[in-house]
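Each of the next two complexes has chain A plus one more chain, namely chain B in the first and chain C in the second.
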Partner chain A sequence: MQEKVLMKGNEAIAEAAILAGCRHYFGYPITPQTEVAAYMAKRMPKIGGTFLQAESEIAAINMVYGVASTGKRAMTSSSSPGISLKTEGISYLAGADLPALIVNVQRGGPGLGGIQPSQSDYFLATRGPGHGDFHVLVFAPSSVQEMADLTSLAFDLAEKYRMPAMLLADGTMGQMMEPVVLPEPTELTREKPWAVTGTKCAREHNIINSLYLSPQELERLNIERFERYKTIEATETRWESFMMDDAEICIVSCGITARVSRNAIVEARKQGIKVGMIRPITLWPFPEKPLLEAAEKVKAFVCVELNMGQMIQDVELAIKCRKPVSLCSRVGGMIPSPEEVLAAIKQANE
Partner chain B sequence: MTVVFEKPKALTDAVLHYCPGCTHGIVHRLVAEAIDELGIEGRTIGIAPVGCAVMAYDYFACDMIEASHGRAPAVATGVKRSMPENIVFTYQGDGDLASIGLCETVSTAARGENITIIFINNAIYGMTGGQMAPTSLLGQVTQTSPYGRDPKTQGYPINICELLSSLDAPAYLERVTVNSVAHVRQAKKAIKKAFQNQVEGKGFSLVEVLSACPTNWGMTPQKALEWIDEKMIPRYPLGVYRDKED
Partner chain C sequence: MKPKRLTLFAGHYGSGKTNIALNYALYLKECGLPVVIADLDIVNPYFRMKDSEEYLRKHGIELISSPYANSNLDVPAMPKEIYGITSDRSRYGVLDIGGDDRGALALGRYVPEILEENDYEMLLVANRSRPLTRTAADTIGVMREIEEACGIRFTGIVNNTNLGPDTTAQDVKDSLPYIQELSESSGLPVRMTCVRHDLCGELEGQIENLFPLHLQELYYMLKTEVPNGEADI
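What follows is the complex of A and B.
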């Protein structure tokens, strides 16, 4: 059992990645995730790992692609504008069925935007960040503890399903300090017969590739990939229910806004309003089932997010528009206060 | 019966898709011969570009990766950092290496990554049907420079060996061509040396090969080989631009 330590969210990601067996980190400086790179720059050389400050976000994701091709765990981290640059590489990772971890500590946009927290890359992450038909596993940590735990889980599931995973945090999660119990070191045992490690002239050559000029073959591979996604949707969806037993209003929120919402829920309960929360931990796959079940019981949903209303679309789809869903959001780096969320709860309760 | 000429083991039996008169086939063979002669096939990992050589992953018998356009040196960096005992090479064209991937090319060279790059410069985008390349010559007519490359609006060709020779780190930079038997022999020597350097841990090695594209140049194969002598070599002089052994 690891001991409890006080860590910044970004540093918890980095140390958890090392404990998960990642020895190759490639990144490019961008606020508010630079602590991940700084931590790796200090730690990796001491444990025989690679820290490389790449010439660009594009190069960094392609270096990850190179390491992933050899069957080893690799990661990069960035923030929103940098993630835009990485999307080409993420699409290639998905097309070649390669596992890797991409950390996105989101900031406000579009364009250069700002450097304060945001959840405005929700669409980008959950709809497949890049060209073509694909998904990445998307995890939304809501505490420094989860920054560490989900980093570890993301590496495992990415490898299990041979696909990229994205840790979708926000600037607050990256910068805040909290006590954390780091995960136990992962033992890497999975065989990777597909990896390029040199044939040793003892087998046919392995090819890591995403080019298929035969439409029949490319269609078949896309369909196979989506079959795999169905299994993931059925078995890997994660969420947390909070005070949902008797709830009449259901808040849906992740990351920092879920923390704010918790405070608002406690206050609302004091005032006699029966409100609870479903907090998605995986954003893809999205927890549709618990939301649809909740739609049978509650009278309204309130989506609390740091964007102009992105996750709300997934909530409406999940509950098949059976109940009203309202949006409580701030953007540009602003975060709604518990009072603002409480007001939204009261309005939904009327 | 004596075998006097055979296919290198580092090439597969796949039929090459290249056009008649294209010199990619010769360069593929030279790379494969170098791999065979150094006995490194079992530990070599090759990286194919986007461009005419995109399907090189089917042609080389070693483990292969297909990279996105221009990013082969970054992918190679990842592979080499992960597998330092393996031999890692990229095979890239001029659009891939000198245009969209120029940042990766320069940065990988500046870091002195211990990899080998085979750079095919045929002064045109072949795969997409003959558009202007960063290495297209002044006045060269292509699909996207139909009145000839005009330096006022389309700039000047990029000389990669000269550009990279301004950096400290590269161990070996040489420009060769394959338009005659003598030139093919010299190209073979250079390519083998670029791999040998990596085996010996000497660092970044790049061989630029002036190549013919009769299809998109609109010439017969014979005329295309002559065009290399007449037009390309004057702009892109052959020779060694860096050799840390010197």
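What follows is the complex of A and C.
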């Protein structure tokens, strides 16, 4: 086991990516994710990897496309406005069925917004960040440890299902420091018969492409991709339940707000209010099943988010609107205090 | 240690400079000295000295920080009041320098005045639990980059080995050979070993120049606002 170290969330992503076998990082600086790039700039040259600060976010995501085409693990990272720029490239990655990791350490929006933390790219990430019918795997870490662990998992699942994955962290997760035990180095053993590696005149050449001249073929590929998504929804959905056994109120929250909510739950329990939390760890696929099951037992749901109410829609869909769902949120870079969440719990309990 | 007129805390990114600078300023104030503290960090967007502004004001310590700290404006601006730190020599100044060579670059502007006055301590804050400074050699690498960037030499070392809330007295003890090697290789004395105040009892008499960090808990609260819960995953 690796020794425990003290790291910033952004650094943990970078080191975990290296341990997961990623040797190609392409990025462009933007607060609050710049430490990912800064760490890669220091580390990659020492281990024979490539760190490249591209001329733009658009260039960086297309460099990721290039490396991913060869079957190598590649990543980029940015924050909200930069992710908007990358969406074209992410759509092309999805259209070409290429695995890659895109890290989004969210800041406030829309537009340039601000540099303080936010979760307002929830829709962007979970509905398919770009044009066309597609999804990316979306992971929402809630600790520096999870920043590392989910980076590792994201690379693996992206490769397994041949699709892009997004690590969707809020700015606080990127900037905070915590002790972390880094994952063990990954052994890269997966065969990639689709990769463009040179035929050596020994096989048919592979083509990486997202343009299909035949409408019938394009339809078939879209349907096939969505069949794969069904498998992922059935097997790769991840969440954490906290104090849900006897809960009458269920909080749904991820990232930093899940941590604040945990505080509020502990306090509410002291005051005799039976409240628990379902914390989605994957945002796509979304943990619909445990939420629907919870809807049979609890009397109300409270969504705690750093946006104007985005995940709340997925909660309402998951529980088929069987119970009331209220929103407790702050935007603009503000984080709700445990007291604010406690007040929302009390209101839902009335 | 007898305080110099100016105390500068520099070192690797995330080594704990801000927290130590805050605690050191409070310590000087408790010694009855007039103190001003300055945030020269131009690299960190969050968790800045500005978070402790109210606390410092209550303790009679003036904070000089960028007017844009904790705002949505992402510019590495320095407040004009920093010039007062070198020109007004009636007060003790504590300077929190941004991490690594990139952060230390901002200090360069004030170095000629600091060298001319020649009443300063430039301290290297070192935490062995940070992955890029786990060996004395790596730490010295960072140290030389900082010196080159800002044009001033370090005069001492601060051992700030910690794992945040998980730190034990044993972690501090385990860091001693590293700090010893760092001191011998660099030729710099170990000015203090910072430990969370509740660990001081266990280490008393075993480590010289223990410096208890009282503000740490407040700082952690500001940083995370979160306790650990038991999850039924």
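Some observations on this one:
Basically, the second predicted complex is superposed on the first by the 350 of 350 C-alpha atoms of A that agree within 3 Å, B and C clash if a C-alpha of one lies under 4 Å from a C-alpha of the other, contacts with A are read in each partner's own complex, and residues count from 1 in each chain.
The working rule: a contact is a pair of C-beta atoms (placed from the backbone, for glycine too) under 8 Å apart; a residue touches a chain by one contact, two chains touch by 3 or more.
Just so you know, these numbers come straight off a predicted model, no measurement behind them.
When the two complexes are overlaid on their common chain A, residue A:337 makes contact with chain C while staying clear of chain B.
With both structures placed on the common chain, the touch criterion links A:262 to chain C but leaves chain B unconnected.
Contact with neither chain B nor chain C is seen for A:109 once the two complexes are overlaid on the shared chain. Of the two partner chains, chain B is the only one touched by A:50; chain C is not.
Residue contacts after overlaying the shared chain place A:88 against chain B, while chain C stays out of touching range. Of the two partner chains placed by the overlay, neither chain B nor chain C lies in contact with A:9.
On the chain C side of its complex with chain A, the touching residues are 13-14, 44-47, 72-74, 102, 127, 129-132, 134, 162-166, 223-227, 229, 231-233. If you check the complex, the residues on chain A that touch chain C are 4-8, 11, 15, 31-32, 35, 38, 42, 108, 113-117, 171-172, 175-179, 182, 240-245, 259-260, 262-263, 265-266, 333, 335, 337-338. Within the complex formed with chain B, the chain A residues making contact are 24, 26, 50, 52, 54-56, 58-60, 62-70, 72, 74, 88-89, 92, 96, 196-202, 205-211. Of all residues in chain B, those touching chain A in their complex are 12, 41-45, 47, 54-55, 57-58, 60-68, 71, 74-83, 86, 103-104, 106-107.
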